[in-house]
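Both of the next two complexes hold chain A, though its partner changes from chain B to chain C.
Right, the complex of A and B next:
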């Protein structure tokens, strides 16, 4: 019977971690724009583009 | 006195917002009619428009103009050719010539402080609205903008809002250079005075998601814990696990009560303070009773509590709230005049013309207005003559000529040659903009709170509290005080109006969603409730019932009774093409259509790819006199086209006898009067049908800012009982609506321009009509394109049906309430019954509301099929 007690707490902990993930996703603004990410999937980096120009990561300027 | 015109002869110099207002340039519209077999149509590789002869080619690709070729080369140079793989001809044609100094005002610190989202001296972030974004390729290109210039960082496109957020280093690239770059590739941002207002940060959205997330999480987990209790724990494990589950449920339900339901607590307290009984009050009562009763039962060891019902209740309520808050991101329903006025204006200083931001404009400054530019503030004309188009601002359909020294109003557009004006009033104090100081715009609309749900909840709350108290009293008198308390709490719990709160959001929200594909956009679903109560409809004329570009032109020959020959048509058409006066454009279009009918095959090369037109340089001595007409020599023949008075001044004699009444342009070739082009502005198609249908059930009124012309034809359209008023100022319209409302009428206003802004705001329901979705419209409750205007009858019918659906949903929820309350008042409510009853009632009501509304939409004739 005591194992049930542990299992309940573990499952609760797991569920809480998922909730934490959800909260992080909302806070980092992932739910603000649900339309454009679906369009971004359709654009792939062609090998030519990555070879001839600077990469996206290099030029990432985020306000600190 | 004739003045030589320094005309910019093409549409190149139109400000972007004026371009958008013109909808399509004339050659574009006629291209469709010229797509006949036999004419070679090659699509530009960049923008997809047909390429005129001679075709500009580079390798295997063909382009329609140097602008498109330039953008293609720029993209190729930076390795961005993938742009063309992502969509078919995804480019945007760059119509304007790049003027570097045009964007200089953006580098002003004061302007940047209001425009930029964020700036720390090193990195700045700006959000720009770019209407030209229309496909995946646009998104890709703008997010790869950093490859086009040094100093540009991360760019993020919000496609639904047509916005792009750009991070850039201010030291390496200035804001004006950034905007100039965007304009040069065809993605010019829309910069209006409204951009300087602080924009909402969408923070409310995050909070709602968090609230729903926590409520849903708690709901699921508490249910998981409640199931063993319902299904019966055996005596071995019962004493241990039941309290465990109980305490865990209490723990999980606490954030739901405090955080997810926070808005309901806040509104309930506010309502109680103001002695209003909105639906939030019984909800708060129910939540309190639920948690209190559950705490008592769990801590006292009497039972398992009702916490799954609590979490479920909050979760469903929040879902209903999300469903009713469907917003149309591309549309803004709350625009004021600032979104119509441009951000920049050209000020004339001693050092020459200087482009400044509009807030920097002082009284007494001299401003240069080019073709189609907006007058920023009430001013006096310095160099004349000018031709002002007030159609969007006062509703006058004809442009008015003004002489030097005349007063001109803010919001009007100059047509033709550049003129200078001297401002007399501040931008916000001008005649038109002072409309926004009226009371109608100041206070928040009182209509919003008076919904069906709130009216029902008043009766509901009082009855529920009465029953709860009554049951408690009965049990106390019967000698069971414990049961009395339980009965009291149970009645409050079970009567918690979950289903009631979901009826209106789901019924009306479904209707709003079904209307969106039909391009009928509602500000919020509750507009439908007000629509159902309307009994009077007021229409504006110019731009609403009529379309500016829909003029019907016909040629009335003079004494010779001869129609124009093809050669003569070509001369007049070529001459008219040199002017940007609306009448000249309409004449040109009319003649081009006639010419295409006569000779479908292409002969000589031409500017627009149209058969046989004469190039602008072959026209000699072209002159345009505002308020008079145009003249020039084409292939040796002198042509005069203009007003009758001006023709007489130039010495052309003609008889008034057979001349058309109303608006007309008179034509003289080689000194002889040939005839007149008669212009009529008929109402849009199907308006007669619409008005005929509406006049049966509603009182119709016409309030027009135009001069009284064609009163008889409108009398026929509106019927004998309707009131027709002309020459109404924007203030007159507002006052008229207010008077109607004070007389007890429920008024709906249908209008399109800034002159209707006051009336739209004051009326119970304001409908803004636009030529194309996405263009500017004044603050309103409904936005629809002009093509959908005939659907107004169906919309009003749908509103009435939707209200009936909501009322029947109330009846269904009342039935569940009755069953639940009877059980609760008897003191025998158990958590299981509660847990079943609440979701069951909610789901029934939601399905019923959505299904019946969908069916109603179809029967009313508004389905997409």
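Right, the complex of A and C next:
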């Protein structure tokens, strides 16, 4: 059953690489702002839609 | 929405507002998105149509048409591969190529890599569609493709991964939206799974043997199989859910914080849950329990994600009523929730004891495939096409029809399969008051399911009609609009202050190209090293643990290869679980030491027909001969296909030497002498089978036909532990910790 240990090692290696990714993400401030990223994706990215992004900011963020 | 207008107007206000920052203009690549979208729709139709064919074959065996290329065993892997890798695979690339560019505010890293990804993937699908009906298969579920195609998959996947990471590195948006994390984990994990599960030694251009044997092969296969579901069917689609659902509802995701917890929770737990596919098999008990515990834990992040998706629509349910795209999305997310509650439940050993090998598993996976993957893909395509073609959807009404027909189809598929699975599971286990099996004849439990199989085919038909409606709708939408191939966009370059900050943390250094290549090279070296070291390590491990278990004879090897070629493992398991209901029906439960020469393992995951591990010696040779020619001649009302070509096609005995040499490389102890005398051994054993057939009144059977090899293999199955002392006690006494 040595393959079990290989699989565990490979899975652990993968988990550690995920952990490294997680630590990097936290340290570089990826998760400091957990509010605006979800709204930012709604603003359109094309040249016309930059207007949408402005109107979105004015209309959606003011109330509440 | 005119694109020309948007190109002219938008630039100046943005530049003014961010005068300090350099604003860059670039173009999103919509050509590649469209290509993948079209491929998704086409392969979706092909994959589900193949599914409908095999569904009908189960209640109407004549539909196998008595030709090898259209028989259930060969078409089933075609269906699963087409749905998973062709339909969902293209859907995933389509969603990633569209959303990643927008999330990163950058065009894809390399157009060339994008098209290598596209055409390479279609080439792989086409070669799968050719090789699988030809019977070229490794028989490992969802990894059936033979080694040259495996290599092609690895190459194309690397192209995709480089393209993905390259785009992320040149992004103009510092924050990586949660969808991107899901995409990265998909790319990395699938590469690793594919490489480790596909380690095999070629024995010809389209034939190979897994380097792992028996229980080890089973464990690697289901570590792969489970994580393929996790990282191919789930994580990329979750990323797409987090992008397309908020976009369609035009409101931010309910809790961005929860989405981050969803991601990290999910990926850390998912990779440990694989052994739940092998509960009550010969896998060590502690590994089974480990798999079960992690599977149950998976409910938490999965439901966190589902709730996050559904709550995004809070206060917007009026939109769901009007927008078919959102309807599809709601059902997809609900199906995700159902499947991820059911999955952990099925991973509990006592539930699994009933559900395993039955149609319950089929119901479970189709909740995921039809509901989660299918409906999310349809939702995305309905949303994408009007945007790619700068127009409105041709017919909202038709899309609504698709939704209801598809949903009805799903219900007609899933409910009968639950009924069927639980019915058969209970029938297998039912004892009468005298302590004998209530249904000793397996066939009795199969015939009971036929009405369910018919209902399931109706459900499948509905679902396919829905897909056709969608294709018409998307085609008309495309016709009505004007395709925007390169969509212009503007974004400020990454803020220099932010760059300085990350540089301080060493992030810039990590992102440098030389470092990337160093990392990739190291990974390549490690993988290369493992490929060389792992087999050595494992071969040493594969010493016989039961002394009476011997390698297959040359004729049996050829017979086993035919068994693999015909996809027998799709309906017949070779793993008797240690339950009284199974040992009464099939014989002694399966021991781990009996499989040390099985490259690949053939334990199976579904019993449409009975288990075959102790079939050896159960029936005379002549019974098998008649049964393979026409199963209904020996078992009236059987739903097994006819295999008349096994009676007419000649065995290619010349490949026996190559096959044995390849098997020796993976640790089966054939001597040079045995390999040289392979043809003599084949002749001698064939003659014995022919003589046995003559006893059974089959006098005209030539000894060089495939059926002879198949019979030799079937009669060998599960008999080794009876050899020598004839009783199991002897065999166990002979078991010893070797070397």
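Just so it is clear, the second predicted complex is superposed on the first by the 46 of 64 C-alpha atoms of A that agree within 3 Å, B and C clash if a C-alpha of one lies under 4 Å from a C-alpha of the other, contacts with A are read in each partner's own complex, and residues count from 1 in each chain.
By definition in this document, contacts are C-beta pairs under 8 Å (C-beta built on N, C-alpha and C of every residue); 3 or more make two chains touch, one makes a residue touch a chain.
What you see is a predicted model, and the numbers here were worked out from it, not measured in a lab.
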item	value
Which superposed partner A:43 touches (first chain B, second chain C, both, neither)	first
Touched partner set for A:26, first chain B, second chain C, both or neither	first
Chain B versus chain C as contact partner of A:6, first or second or both or neither	second
First (chain B), second (chain C), both or neither touched by A:14	second
Where chain A meets both chain C and chain B, residue numbers	1, 4, 15, 18, 22, 27, 29, 31, 33, 35, 39-40, 42, 46, 48-49, 54
Chain C-touching residues of chain A, taken from the complex the two chains share	1-4, 6-7, 10-11, 14-15, 17-18, 21-22, 24-25, 27-31, 33-35, 37-42, 45-51, 54
Interface residues, chain C side, partner chain A - complex	1-3, 5-11, 13-14, 25, 28, 102-103, 105, 173, 175-178, 181, 184-185, 188-189, 192, 196, 212, 215-216, 219-220, 223, 243, 246-247, 250-253, 256-257, 259-260, 264, 267-268, 271-272, 284, 287, 487-491, 501-502, 505, 507, 510, 530, 534, 537-538, 541
Residues of chain A defined as touching chain B within the complex	1, 4-5, 8, 12, 15, 18-19, 22-23, 26-27, 29, 31-33, 35-36, 39-40, 42-43, 46, 48-49, 52-54, 56, 59-64
Complex interface listing, chain B residues touching chain A	78-82, 85-86, 118, 120, 123, 125, 136, 139-140, 143-144, 146-147, 152-154, 156-160, 167-169, 202, 205-206, 209-210, 213-214, 217, 220-221, 236-237, 240-241, 244, 248, 329
